[in-house]
Amino acid sequence: MKLQHALGGLEGLGPIQGPETKVFVQPWEKTIFAIHVAMMGLSKHLDLKDVPTAFDDEWTWADLRKGAEAMNPFDYFRYRYYEKWLGGISGFFVQQGYITAEELEEKTRQYLADPASIKTEGGDPKIDEQVLHYLETGDSPLRDAAITPAFAVGDKVVVRDIPPTDHTRLPGHLRGKTGVIDVVYDGVYQYFCSTGPDGLGEPMPIYSVKFEPSELWEELHEDGNTAFFADLFEVYLEAA
Amino acid sequence: MKLQHALGGLEGLGPIQGPETKVFVQPWEKTIFAIHVAMMGLSKHLDLKDVPTAFDDEWTWADLRKGAEAMNPFDYFRYRYYEKWLGGISGFFVQQGYITAEELEEKTRQYLADPASIKTEGGDPKIDEQVLHYLETGDSPLRDAAITPAFAVGDKVVVRDIPPTDHTRLPGHLRGKTGVIDVVYDGVYQYFCSTGPDGLGEPMPIYSVKFEPSELWEELHEDGNTAFFADLFEVYLEAA
Amino acid sequence: MSDRFAYDPDREAKNEARAKALEALLIEKGVITAKTVDTVNSFFQNEMGPFNGAKVVAKAWTDPQFKARLLADANAAIEELDFPPFMSGAEGEHMKVAENTDTVHNLIICTLCSCYPWPTLGLPPYWYKDPTFRARAAREPRAVLKEFGVDLDDSVEVKVWDSSAQIRWWVLPKRPDGTEGMGEEELAALVTPEAMMGVAVVEANPPRTGYDPAAQGF
Amino acid sequence: MSDRFAYDPDREAKNEARAKALEALLIEKGVITAKTVDTVNSFFQNEMGPFNGAKVVAKAWTDPQFKARLLADANAAIEELDFPPFMSGAEGEHMKVAENTDTVHNLIICTLCSCYPWPTLGLPPYWYKDPTFRARAAREPRAVLKEFGVDLDDSVEVKVWDSSAQIRWWVLPKRPDGTEGMGEEELAALVTPEAMMGVAVVEANPPRTGYDPAAQGF
């Protein structure tokens, strides 16, 4: 069991902290957030025409999520949201050879000693134009393919329990559970990458599946008139 | 899912720390350990004859374990072993009215300000004699009851998936799994307390059940010639 | 000492230094520019934020036909409005809006990560990304709503929407009583991100109104 | 700030003060005495420790008939030996010993808590109670053993014993080569708690021998 996939319904948790309504709780979080957005906007799989960036990789949510799922679960819960991003993204740039670990350490030390000694200048404006272009136009996963959905509204389905891989969009609390198709979304949708034996990669229908809380949580379900809806890729479903 | 029950096989963990071979890593841990042992030795369910202790409750491993299982799982992993004991045991004494939270806070502050100001004197030696007597003789759960084991060596069994309660001795990674009876232990054994619908309380046979790693961990099992044996109370088993 | 959770005492200073060092190196290497971080953050502070969703909500409250179209096809309906041309941009390519009524209350969650409709709601607040919220809201939504101050009658159905595929959900909150005379702009100022996620109701006289980037941490 | 894992900077000092305060109050209230803590700790430091199990191991190595009886009924066999009369005391009421051989290597774990045979092995070391060990040893015992320095041939069967009921398991390690001339006392000095749990093998010439209470944290 990968704890990061199996959060839904976890017992024994206390009140929600705060709740903290800020988006960023430290100024540096805006820096790593923006770097991630830029990487998504400069990802190789997009049509980059002649954007003069040195970035030469694919980078999507799938990559960030894979990193989070690969973390030690105790670390996953120990670090704040953007701390995990900082670790994952700087690790990526080192691993892909854009920078070395030593460079990063040295520059970090330099900043700690004297923030003003770090100059950040230059760069071609076309890079930022592309990042904004990405934000403005997005990266729709909708594909034009003549695929007939296997299920119709009202069909009973069982969620498959596919062996865990390095990335999945199948929440742990749904595995093996029975629900009813509530919405068949128009069209077919592709995930950012193949998840191997987990099954994502090619365009496929997606559904909103309705589950009874008593089915999901058994004796632990909350009393009351409640329904749980999960958006799921078709490959995760079987006829009940 | 209660994470404390579902540790076995958790994915994504790093190396074992240290490994730290000490039993106690801070001197104060010896204090809370000894208090727990004394409580077990002075527990009301034992034959205490005329031990002049003010302790007037049952206290067994079950009570300590219940406390750990009731913890916020993130706290459970955040605190060291004896930190959890310190929290659980001091909470128990406050809850049962032996001391007040204010007394404990006040005495803690006093100790922080001046450790020498805390005098620990007195007490009837019979109390410590009983604690040692408990350590020396134990508290055997073996019971004299004519109960025939439901299973024999070689029988295939399925581990039940009993709804979670506030305490169980059924590890999460075994639920729903099939194994083979390897040992039928002689006699019948009682657990410290009733675990309600979970099923412990009355004396019952216990078994060592052998599981194949591929059955327990499916695609994630480690290659090699390995067998997993779990000691289980009969109530957790069904014929396969 | 066996303590895997101990933190570096200079944790935040080092986080900051590392983030800034990474930025500087990526500029040096030509991956991003010296303006990228500001460009992105200005965009989220000023363009792609919860004020957009609030305007959509106000419009839906005042125009039942628009509301019907919004619930049927959120992206198409929003494109009718006078917005900059990025309301189906990043993380809003395929949105779906769930309407709160007297009998149904909707709550959006993402148990796997933090899926969120950026163009209309901006960036998700920390509580939405908190594993405790993500875990609890799935199984005990009513208890969680109560902690957020939303105390629902037993007769109200709670619908929890977990976004694990490609659709980004958000909530059309109920228009509060006592707002009959208000115009769209005035109404929009009442609508909080929390209300558009289902953990708050819109109040006619909230303690604060409108969008405050500082309150979001910008 | 959203940080549920931050620690009190005075964590250890406060832990200590709280433990001592609790002890003092329990003495005042007549629950325990001023000597209870020392009495218990001295007992574990001097009487109920891994030196007992080490003696049993040495005996089993030198007396095949005793070994056979130990494996058949550990408590009964140990009672034959010249021990103080508490070898079936607390947490040792029902013990079971698993023998390491050329073809089988045993590892004891407790995935739910920290079950451990006190009379023979004393108190469990921190690594045994570490959730990471408990989680990993169940599914990947060979990898864990390798991290502990025990590199087994593929042909050796690994048996993992998870103690969730009332039996306390421990391991009879293999007698190392090169110890043929040694007597029981000398042999016992080679046997570590780790070897009796299955995460170490006994060496004929270990860097340290015998029992050191300080190394256990006493």
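Lettered A, B, C and D in written order, each chain numbered from 1.
Throughout what follows, contacts are C-beta pairs under 8 Å (C-beta built on N, C-alpha and C of every residue); 3 or more make two chains touch, one makes a residue touch a chain.
Being a predicted model, the structure only gives us computed values, none of them experimental.
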State which chains count as neighbours of subunit B and simultaneously of subunit C. A, D
Farthest from subunit A in C-alpha centre terms, which chain would that be? D
Just curious, how far off is subunit D from subunit C if you go by their C-alpha centres, in Å? 53
Chain-centre distance (mean CA atoms) for subunit A and subunit C, in whole Å, is 16
Averaged over CA atoms, how far is the centre of subunit A from the centre of subunit D? Could you give it in whole Å? 44
Which subunit C residues reach two or more other chains? 2, 4-5, 126-127, 130-132
In subunit B, which residues are in touch with two or more of the other chains? 4, 9-10, 13-14, 17-18, 20, 25-26, 74, 77-78, 80, 220
Quick check of your reading of the touch definition: is the inter-chain graph here a line, ring, star, complete or other? complete
Interface with subunit D, subunit A side, in the complex: residues 17-18, 20, 25-26, 74, 77-78, 80
Flag every residue of subunit A that touches subunit C in the complex, lowest number first. 4-5, 7-10, 13-35, 37-38, 40-42, 52-55, 61, 65, 68, 74, 76-78, 80-81, 83, 86, 89-90, 93, 98-99, 103-104, 107-112, 115, 118-125, 127-128, 131-132, 134-142, 169-171, 173, 185, 189, 191, 206, 208, 213, 216-217, 220-222, 224-233
Note which residues of subunit C are touching subunit A in the complex, please. 4-5, 10, 12-27, 29-41, 43, 48, 84-86, 88-94, 111-114, 118, 122-127, 129-136, 138-144, 147-148, 154-167, 193-194, 199, 215-218
In the complex of these two chains, what residues of subunit C are touching subunit D? 2, 4-7, 126-127, 130, 132
Which residues of subunit C touch subunit B in the complex? 1-5, 131-132
